[in-house]
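Naming follows writing order (A, B and C), and every chain is counted from residue 1.
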Amino acid sequence: MRQPVITLTTDFGLSDHYVGVMKGVILSIVPHARIVDITHELPAYEPLEAAYTIEQAYRWFPKKTVHVAVVDPGVGSTRRPILMEAAGQYFVGPDNGIFTLVAERETHKVREITTEKFFLKPVSRTFHGRDVFAPVAAHLAKGITPARFGKPVDNYLRLGMTKPQRTARRAWTGMILRVDRFGNLVTNFHVDDFGKQIQQKFDMAVGMTTVGKLATSYAECAPGEVFVIVGSGGYLEISANKASAAKLLGCAAGAPAELTIY
Amino acid sequence: MRQPVITLTTDFGLSDHYVGVMKGVILSIVPHARIVDITHELPAYEPLEAAYTIEQAYRWFPKKTVHVAVVDPGVGSTRRPILMEAAGQYFVGPDNGIFTLVAERETHKVREITTEKFFLKPVSRTFHGRDVFAPVAAHLAKGITPARFGKPVDNYLRLGMTKPQRTARRAWTGMILRVDRFGNLVTNFHVDDFGKQIQQKFDMAVGMTTVGKLATSYAECAPGEVFVIVGSGGYLEISANKASAAKLLGCAAGAPAELTIY
Amino acid sequence: MRQPVITLTTDFGLSDHYVGVMKGVILSIVPHARIVDITHELPAYEPLEAAYTIEQAYRWFPKKTVHVAVVDPGVGSTRRPILMEAAGQYFVGPDNGIFTLVAERETHKVREITTEKFFLKPVSRTFHGRDVFAPVAAHLAKGITPARFGKPVDNYLRLGMTKPQRTARRAWTGMILRVDRFGNLVTNFHVDDFGKQIQQKFDMAVGMTTVGKLATSYAECAPGEVFVIVGSGGYLEISANKASAAKLLGCAAGAPAELTIY
């Protein structure tokens, strides 16, 4: 029997029952589902970090995987639930831009989820993860076709400013997308767009610091040295060997990063 | 093949090997079990928060699910292991009141677990999660009937003070059961008992603050505004839009909450 | 169908997508695998605590379980990936001593993993958990024999100083291997080696404190009292009833512990 995969990405944390409840709802509908936690520690109210996390995760999962993302400060308001099809996989969550970075990379189709018979009733005003997104994901995993959940829309929300802006002939302003557990500063400069530039002499300015060294592995640098490296997800990262670049540079997600080529 | 579901709710945290070891024990006995973490971040020595968490979670799981709960400061003493049947599901844990809130809602039968052949030997004095509760849960999930684990008892421990006490004709004193990750203060006023009262003018006093507004969604309130809302689990919660009510009010689990109707 | 078990032990934390990505890679190769998290909260750059965690966990898992361990400050350098067979199970990780405590207890064979067709290409320089260890584990779980991954080696790295050293006829110097979530100080004095000695009058000196009491359960001691107990994993632990011995004694992992017998 095929065991469909459902991933969960939320800001619910791990101290409460919320994530467990979503899994109970899913297993009640599709008992043979495989449920994988991507993370539940995303910052609340911050769709860009969620968008980055989902974009980093989805490509490593099998076709037909259903990715559920719930960072949803607008729960209970008029924001819509959506279902996106992209890369042979499904993405279910609120219409707040959370799938923007996947949509920028993949051909995609977005539907507004309107078929209420797939929801748990009564739908609460505060926990759509349980009442809307988990049951929709479970029914998708069970084989219900996307078209049965609602009609395509093209006015779904996309986050702006996800890519670096060119500010001069040889200069771009980007940002720190995310600081990871090791203190690596993940920028929004992607190797597909900037791989050639950083083979030349360059400066990456973040906070009060300017980094000009490109490394190919952590281990080739001295402990505590700060350098730029092509991260495992394709973005340029500012890192330090056996130390937190975030602490050394005093930077957090959202901070600007400026690239200059010489 | 049916894949039985076992949930785990503990105070073991996620830094140590304890939870993984319980899963190894379970999978060694019932390889096709589905194991779901509810949370492992419960405060140690605090059965009421554990009781609330389990009560919030169980109803969303399929029939026959086995819920294992281990917040167990009395491990190694004479406190008994128990098995409760309620709502077509099973609850396995120490006899310290941890299943009180489920027992208040559901017809139930409690057994003392005495059949030692289902334990791992030798039973340690410090880790019954591994040696008693995990193997008992696994054998239950495998299909062993509850009667084979031990005889019914009715002197099992129930937590007191779980419901608000009436202090005047229009006033009740309850408490904060739990503060969740978003800083929502979950009270022990249940909508089944107090849903009508809060349709009238009311005050909910917590700490130094009195809240008189009832909201139906977070988004209808101004950022930082504090209000009462019927939470997704049926209890009245004191919340703030895009902010932590717990921080705004300086309150924690166990604090009193006073409801007055006008 | 057999559902092979794969465990994960890392320092990746739970805030990022890294662990979820490893699971996606595994399920893409072996869709029916059961994946169990041991912990992802290990301190970075500290193979001894990782070694302890894995040694505590593996014995509770079924035969053929594949244990993946990634605490890997040398990623991208010349350190080798290894595959160890021991106790009818498999261990996959970097050659940095992470499996030392298992190897000290079990007959074992270690191979250097060199067969690159089992890796994800291109292999990144910063995330071998995804590109090397996860796919190797998945192929092992799928039934590929260990010999196909590479040749046996015997110059693999072993951590030193894992056992207490005798310093006088009746005195040994050991260390704190690990502080657990409850503040229990796990020493490297194993009951197999020191079980008899502690039946006599003894002192265990840690930090500024000397502990002379042996307890058999937490509950037999007064709240806050500090004592030695044989922990559930076989090591002597310094504990306090309903309190953190680590806080009371001001000690952390790596601190020396001195045992004297009278």
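Here, a contact is a pair of C-beta atoms (placed from the backbone, for glycine too) under 8 Å apart; a residue touches a chain by one contact, two chains touch by 3 or more.
It should be emphasised that the depicted structure is a prediction, and the values quoted were computed from it without experimental measurement.
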To bring the C-alpha trace of subunit B onto its twin subunit C, one rotates it, in degrees rounded to the nearest 5, by 120
Same or different: do the copies subunit A and subunit B touch each other through matching residue numbers, with over half of them shared?
-> different
Hey, how far is the Cα centre of subunit A from the one of subunit B, in Å?
-> 31
Quick one: which residues in subunit A touch 2 or more of the other chains?
-> 14
As the complex stands, subunit A meets subunit B at residues 12-21, 23-25, 27-28, 31-32, 35, 44-45, 73-77, 124-127, 130-131
Listed in rising order, subunit C residues that touch subunit B in their complex are 2-3, 5, 7, 9, 14, 34, 36-42, 53, 56-57, 60-62, 65, 178, 180-182, 216-220, 229, 231-232, 242
